[in-house]
């Protein structure tokens, strides 16, 4: 435990990177919601391997089946279960690594936690492969939010030291860029950087910006289920995420109160603030402004350079070179996962509010 | 909901800033643990108002009583309940603010969530005052960890632009400094800065570093209860926290894989890594290295400058000047809260592991 | 764990029979609900000791205070916390019993579970005394249901072999009878029986019937939170309850299908069934008929006869005679606890349904 | 919600009676447990349709696959997921019943809860078919308990008015009898009764006795997770169960205290009681005696007699005759489900105890 997350919605994942399949079950959706397989497939495509020449070349079409929870194309109130076969698992890459943990990966920690019976192939159930069923389930939440006027925009803001200040206000704006940086110049620069790193057998980190528009005020559950708490809990379960900041984030630590407070005004229709240093959240509850946050994605640990490690049995030093087909910049494929898990968490919080007008907006 | 947090341990808070009392209940501790009231009081003292001339002057001695869960000084297996009276609530400060939300506070969001029947006095149940019972309960967890050789060190790393690279390896090292910056020069500079801001009626943000030593490897629950997930969930429930990063955090987003991976070696007793860019956590599970993270604390929103806001009824613009007695730099008093809530989360995760040797170490 | 129960509502109890106080916290109630202390007090009175000459003579007025969750007489969305002082604990009665477990009580099981540090005075936190704060919190749920047209009727159906087939359709009808048997002849007979048993130093069991009218159809959460599952979970947490049956209950085990099925018809306004062998629940979900169930309450184990037991240290046989002031028929005082906990569970399930018209009916 | 149950273990079901498959996921098992498919298959066989000429003739071999959680035949610490294909779903039987709810079934309540988009085929996700994946997952718990010396014995005690006082102390003793009544004479009588009812197109109820031997004292979580609470919660989620009693159960309601208390003695090795009127549970916690309970199983509601119902659209009276292939006495096939779900609950409680010697016994 816990392979499950959520409160009014509950998402469970199962399977492993190099097993037969990966899957997920989401419970808590009411009956009668139309589930559009084409929209799920679209999001699956945004995460799948072999997207382009700058992502991993593992061959997985990530086609999914929904084996529970539907009557035709409508939810029936029971859990939606997604199954995604592993079509291209090459476990043999990992057998020789069994006793030689890859630095930066969970190999050592799986050994420390599970000992002899750990699932050691390619990260086992801690692999990035597990995010495929997260996207399947989360994209359903994303569609519900979109239909309710809540848009979970997101984009890659930086790769290495290449950073944009552009924003993307739709999935189309984001996903038309190869690196997901919504800025043609920076997108091109980042692509060149990645290609160079591929040739060097190295990888690079990145950062992702998420901006959720249209979320009503009053969402978030005090005291412990603040919007920041619930979002960060979900986001940090995604492999490779090591930092999150809301609104002005770390910059707030050097600001004065007179600079940081967000002045409130009324725009004729809603209460708003002139700045959004608090990222749309005060006291853990949304104030109607966009919920804005940034996350750091670490560079892929699987690189084709020699790495020093230790043999778990002999405890002697060893040098390994990781085989397998890996992403040079995992931020690119992490983006849709972050958007889908954000959608899951926001929908869960909106449902948890028990607010009748919010429920009506979600499930008209 | 949710005024409760935790899995094997469960912490509930109740009361409000300007009500009769604040309190907490912690369930899940086994029977027979010695509870040392003096150590709880010591931690309460580190958080209480009127610590010094650079904190709020609200008068609260924060004496607590334990009304459940003890037979003598030992836990009996039932919930520990702490009650802390509010001795100096001056609600009248807030009556005039009822319809005029203070920028940067939860006043507007409480209105949006609860409407007419909101608890509007001084932040109500979203006030920093609620952290007193968190410290009471969390300090018991801290003592259990300390006895088990797990030390939750923490200190203020920066206030405004004054920042130290010093570390503190004990509460004594931290709490002997007025600003909790474990560096006499920076401590003095920060004190001067705060005094200047007091005179200007302004406030300032800060950052806190936590470093947990002695935590065994193999702690953390996949997939969704990663150490980062569980810690961030707890930490973001503390008012004024807006960012968290583990290990190298945001810096990882501009690093190359070859720079970021933490090389593994064996020191004759334990597996260790040469660097700790991952903050002691890989795949959400501890690797035996210190668990390191940093958080951003925003500047106190209650400042004695004029602030622009809007009347919730008339929706007209208004200018307010916040009365009351407020902290110029809340990071100072947030530090023990962060340490205590970190201890709560780490103890919960250690108990959740179900690992018999871990349990024996905690509860010999 | 677990001193907490519930899903959308969460009820936590704390304290112990012979400690300073007992208390409870209920979270999940929306803001703005009027809490009527007089109605709470009325239910507390129906459970309190010294009700009459046929209940325990322990002196407790069971006055309560609400220390969290209210703004005036309205809920503010935060947890309601009830404190009830123990005014007449005579722990000395129990010191001599510490190593000599009373048969039929939890003394032995507390020893087996908690060992040396158990709370041994008068059942500790497993005492019937803990039901006082359950009634305080549950009666608030009962009032919400009553206002929404859902009536949790209940009465004592049998004491010893004295049994009525009468029903009570209001608290007044039930609580005007000394034994809570809504049948003057049987009430009198049962009173005489109890007085005889008091003189003999013995006690007697009883059964309770609950009939919940006005509950809408469609309540209950598949698969595992069936109405029967949720109600029985709550009811079996009440000390002394050892059996529960819904509708025709155990009689169904000897019936034929053609006798047992409840024929469906439409009464011009609602779907109804001609019989109610299923107790208003099919597939775990309400069908709009009254939810009917019966529970068995065992005879009080504290009797003033000599009982054989064993010394926990020496393991030698011992004979004890239980002192203290005990109920000769605990079913009488268990009734309001069962009604209040049923109300808690039903309200929780109604809120869990997420059905907007149900929510509107509950919280108009 | 909630298609999940459990605390330290968590069991989720998905699928539906007439969909593509049914399945379950169980999380919380530690790594390294040997999973014996043959033992799972044995339990699946005890529940499957077409057991004999006195059960339903629906053809399902109930072969299962485990698609997550194993490395070879050992658990890897991640969820075990079982898939069981529906090979013989004949949905057409149900299309004509869509608007004509079968009395005694969940058809009406599914309509009341889910409206237009309900899963109406053969009970949908409330069907007895869902118990197949419960047995798959629960039988793994049963094996763990058996290996730890905890035996969950069970048998059919009565069918109609035919009742035995015999007990069965092993699965073999139970399952060698066609009706699961461990008494050749009564077994034969019951078989004749069932055959007669088949010829009449009728069905009959039954009762089941469960007796759990070898469970250590001190298991059960106060206050709300008493053994009775946790077991009844699980048991009442099984379709057709309408009553449960522990120990002497309803008989306690007419007993005197002096008759009901279970005298304690020491047998040289353990504390024991001379009688077991409390069914091995006091104060919600096990005392080391067998945990004994009885449940009532209602007669199958699907009978081949004409039944009166109402059209959900026209609200006119209608007469239906249920097609499909149904069990004349569902108690026979409910027995292994009850044993498996009891095992799940008991294992969950044993793990929840956090008691190191209990954990060592379970997972040596």
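Order of writing sets the chain letters: A, B, C and D. Residues in each chain are counted from 1.
In this section, a residue touches a chain if its C-beta (ideal position, glycine included) is under 8 Å from a C-beta of that chain, and two chains touch if they have at least 3 such contacts.
Worth saying up front: this structure is predicted, and the values here are computed from it rather than measured.
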Which is the least count of steps on a path of touching chains running from chain B to chain D?
-> 1
Overlay chain C and chain D by their C-alpha atoms and let me know the rotation angle in degrees, rounded to the nearest 5.
-> 180
Report which interface contains more C-beta contacts, comparing A-C against A-B.
-> A-B
Measure off the straight-line distance from the CA centroid of chain A to the CA centroid of chain B, and report it in whole Å.
-> 26
Between chain A and chain D, what is the separation of their C-alpha centroids in Å?
-> 39
Inter-chain centre distance, chain A versus chain C - centres from mean C-alpha coordinates, in Å = 46
Specify, in ascending order, the residues of chain C that touch 2 or more different other chains.
-> 1-4, 8, 13, 77-78, 113-114, 125, 222
Chain D touches which residues of chain A in the complex?
-> 1-4, 8, 10, 12-16, 19-21, 23, 25, 27-28, 31-32, 67-69, 71, 74-79, 81, 83, 113-119, 124-125
Under the touch definition given earlier, write down the residues of chain D that touch chain C in their complex.
-> 1-5, 7, 11, 13, 101, 103-106, 108-110, 112-114, 123, 125-126, 130, 158, 160-161, 197, 202-207, 216-226, 228-230, 232-234, 236-237, 239, 241-266, 271, 273, 277-279, 281-288, 296-303, 305, 307-310, 312, 315-317, 331, 352-353
Where on chain D does chain B make contact in their complex?
-> 8, 30, 77-78, 222, 351, 354, 356, 359-360
